[in-house]
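Read through the structure below, which is laid out as structure tokens, and then see the notes.
The first chain written gets the first letter, and so on, giving A, B and C; residue counts start at 1 in each chain.
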Amino acid sequence: MATPILEVHDLGKTFGSVTAARDITVSIPPQQTVGIIGANGAGKTTFVNMITGYIKPSTGRILFEGRDITDLSPRDITRLGVSRSFQVAQVFPTMSVLDNVAVALGIARRGAGALWRPLRTRRLLEDSQAILERYRIADYRDAAANTLPQGVRKLLDIAMAVAAEPRVVLLDEPTSGISVEEKYDIMEVVVGVLKAAGLTVLFVEHDMDIVERYAERVLAFYEGTAIADGPPAEVLHDDKVKEFVVGETLHRLRRPGAAVAHA
Amino acid sequence: MWDRTIFLLCAIFVAAVAGAFVMPDWAIFLATVAVAKALVVLGLMILWRTGLVSFGQALYFGAGGYAAGLAGLWLGLSDAVLLVVFGSVIAAILAWVVGLLLARYREIFFAMLSLAFSMILYGLLVNTEALGSTDGVNIIAPTFLGYAPLGAAQVRAVYLLTMASGLIAACLVQIYLQSTIGQLAGPIRDNEIRVEYLGASARAVIHLKVVIAGALAGAGGVLTALAVGHIDPEMAYWTTSGGFVFVTILAGTGSVIAPFLGSLLFETVRSFAMVYTPETWQLMLGSALLLTILFFPGGLWSLFERRRAGV
Amino acid sequence: MLTGFAILVDGLVYASWLFIVAIGLSLIFGVMKILNVAHGAFYAFGAYGAATLVGLYFQADLPVAGAFAALLVAAVLIGLVLGSILERGLLRWVYGRDEVIVVLVTYAVFLILEDVLRLIWGSDSYFAYQPYVALGNVVVGDMIISNYDLGLIALAGLTAISAWWGLTRTKWGKLLVAVIYDREMSTAFGINVTAVFAITFLIGAMLGAFGGAFTAPKISVTPGLGVEVIVLAFAVVAIGGMGSIPGALIGSLIVGWCRAAAVHLLPEVELFVIYAVMALVLAFRPEGLFSRMQARKI
């Protein structure tokens, strides 16, 4: 059993009288692709936010490669090797797509001390271009980021997160806001690139088909805690998950010929 | 490090040095004051690019001027180069301290807090009899590595020092702007949170900018003091800060050359306006500013650039 | 403890003056999010206008009591005229822009108005001392307090109460408060924010001119008045919070008493202390003591 790359012990978060997360304990081995599912408000985003340092947990510890990152800032966590993308793609709107990636790459490579070096060296620009090509968005190279179609924006956001050469990347609803046809295109590209790079991937997703197809393991959240943890075939057909997450009626709809009963 | 802008700066410098031999005294003085002011504007430009406007650069301008002036009067330090370095360093240290707090603020609050700090210095200077109160004090004549020029020679010596300082500052800022940390200005302005999530500290970058801008303003203050031969609390007054911001807008922020061109034009027009139409100088300035803000947001430089690009 | 009493009274007098001067700025800042540098010009024009009107008034040999009305009339007229020209003619074109840009626009306007002032009234000093002198003094211990100053305290109180009443008891006032708290929400609820802006600016302009008009009898009205006043008003508004009447009151009192204490105890820090308090408040509560906005990023 390889040392887990990411571990979470008894993680919890309360906002005043609201418990957003509780008793979450998960251990993730390197290079695994984990899908995180759950209804809105179930605690998925809180979970991601705690791991990436946006929110400080009320209880529990987060360990990355054995190191406690619970109280670190997003900046420090990114520097250590845990990156994230956002549900609403966070890019630099007035800059070109190439520049967006160049900046991400520049920060990652120059680090503390070398930030004085010029940003736009030939090597950095070539590498940025290569990243664009890997994500199939090279056609949008010179377009301003705020003019991009939603799918390209999301890909850019993910490309920037990965430019930092992390070892773990968390994708927050990578296909939200994307048309059904495009969803698979995006996931193919993204998962392809990330797996080729040997990254550990956690992705939050509402589309069960995507989860079934791309996740090696699924964490199902309900009321702030993980109620199921296992391979997709198992989790997506688990009774509790069906009831609280996937939805009984929806599950029945997916079996052809089944009657839709009212709960 | 071949860079068109640095080449241009060197060319301008050479022309400026040559000018020392042919220009009349009043023009030399004007150019000196203009370039000294341009240093402050250079600092404001750095902040502007990251979306911040400081209404308190007069703090460092005044601090630099007084540090150098008092070093001369109380310690007998007269070497001009040392004074410029000394004033900049004092201003930079002050900027570092102020920046600890200021770098956490944005937009209007950044502007207001910077204003408050500069007015604190003003208040201190005005209410201190030993420093001459509102009248200020005259400072001792500068020397240049032992050489102690007088009259026209002194004016030219200060001029050459100012031009050299301008060249060095502009080149350093140009290098800074091309560096990774300098290129973070736009990203921080556009989406600060994203910058944090990429692994850089927006606050630390802004803190650095505050220090650089402070050091530049301090140098400008020393050079102005040397040129004028006098320091007074007005150097730290809010209208002085306002003046710097105005030149920044009028000049444009598209290039490190812009502050120098803009400042030169500004000082020239001002000198003539003060002589021929002193009653309407502020009216002209205010109108020029309004027109620039409303119709030419890129300032003077944007007109220049557009012509060059043939657009 | 006579010094203590002197500080108390002096502070109160100065605070009253500050409140009257700053309340207009606070209102405009709160409702429109505009730090109106031209407020200094409203003040200056108010002072000059009042001085002129009072001068004319006494030339017509009218009874002293009416001079106070003259001050008020001057303020209202100046405020209305300047305010409308500025708001309708210029500001409404820049409403959507970045806050700092709008401040720079108002600063440009301030510069223009400074020269306009000089073109109209020249560089001479003007006086409107009659109302001040007419009220006489009251002697307390070995302190001489001008009744006019006491009147200013009352006036400040009256202004505060009217402002409070106006904001909480009238329809327009409630609309203003709604816009202060959340402009977008207000628009969503159908409030005509443009009209609210226009009215607010006029009221702010009149209050600014009002400050100048009622100060005129105490000073010699000379060019450059506006420049000093505006930065003091900023300090009060920064301390008290934008758009807050209680904030402007507390801000004025804090600045007033700190300054009075400095003047009586340690004159070298008179100016320093005002801005030090401003910096201190901005450092710990950048939105001001009574406001609701978000100022800090980290």
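Simple rule for what comes next: a residue touches a chain if its C-beta (ideal position, glycine included) is under 8 Å from a C-beta of that chain, and two chains touch if they have at least 3 such contacts.
Please read all numbers here as calculations on a predicted model, not as lab measurements.
Of all chains present, the one whose mean CA position sits nearest the global mean of protein CA atoms is B. Looking at contact counts per chain pair, the maximum sits at B-C.
Chain centres here are C-alpha means, and the one lying farthest from chain C is A.
Our note on geometry: chain A versus chain C, Cα centroid distance of 53 Å, whole angstroms. For this pair, chain B with chain C, the centres built from the Cα atoms lie 32 Å apart.
Distance from the chain A centre to the chain B centre is 46 Å, each centre being the mean of its Cα atoms.
In the complex of the two chains, the chain A residues touching chain B come out as 52, 73-75, 78-79, 83-84, 90-95, 103-104, 106-108, 110, 114-120, 160-161, 163-164. On the chain B side of its complex with chain A, the touching residues are 175-176, 178-184, 186-187, 190-191, 193-201. Residues 33, 35, 90, 93-94, 98-101, 103-105, 107-116, 118-119, 227, 231, 234-235, 238, 267-276, 278-279, 282-283, 286, 295-298 of chain C touch chain B in their complex.
Those residues of chain B whose C-beta lies close enough to touch chain C in the complex are 53, 101, 104-109, 111-113, 115-117, 119-120, 122-124, 126-129, 192, 202-203, 238-239, 242, 245, 249, 279-283, 285-287, 289-290, 293-294.
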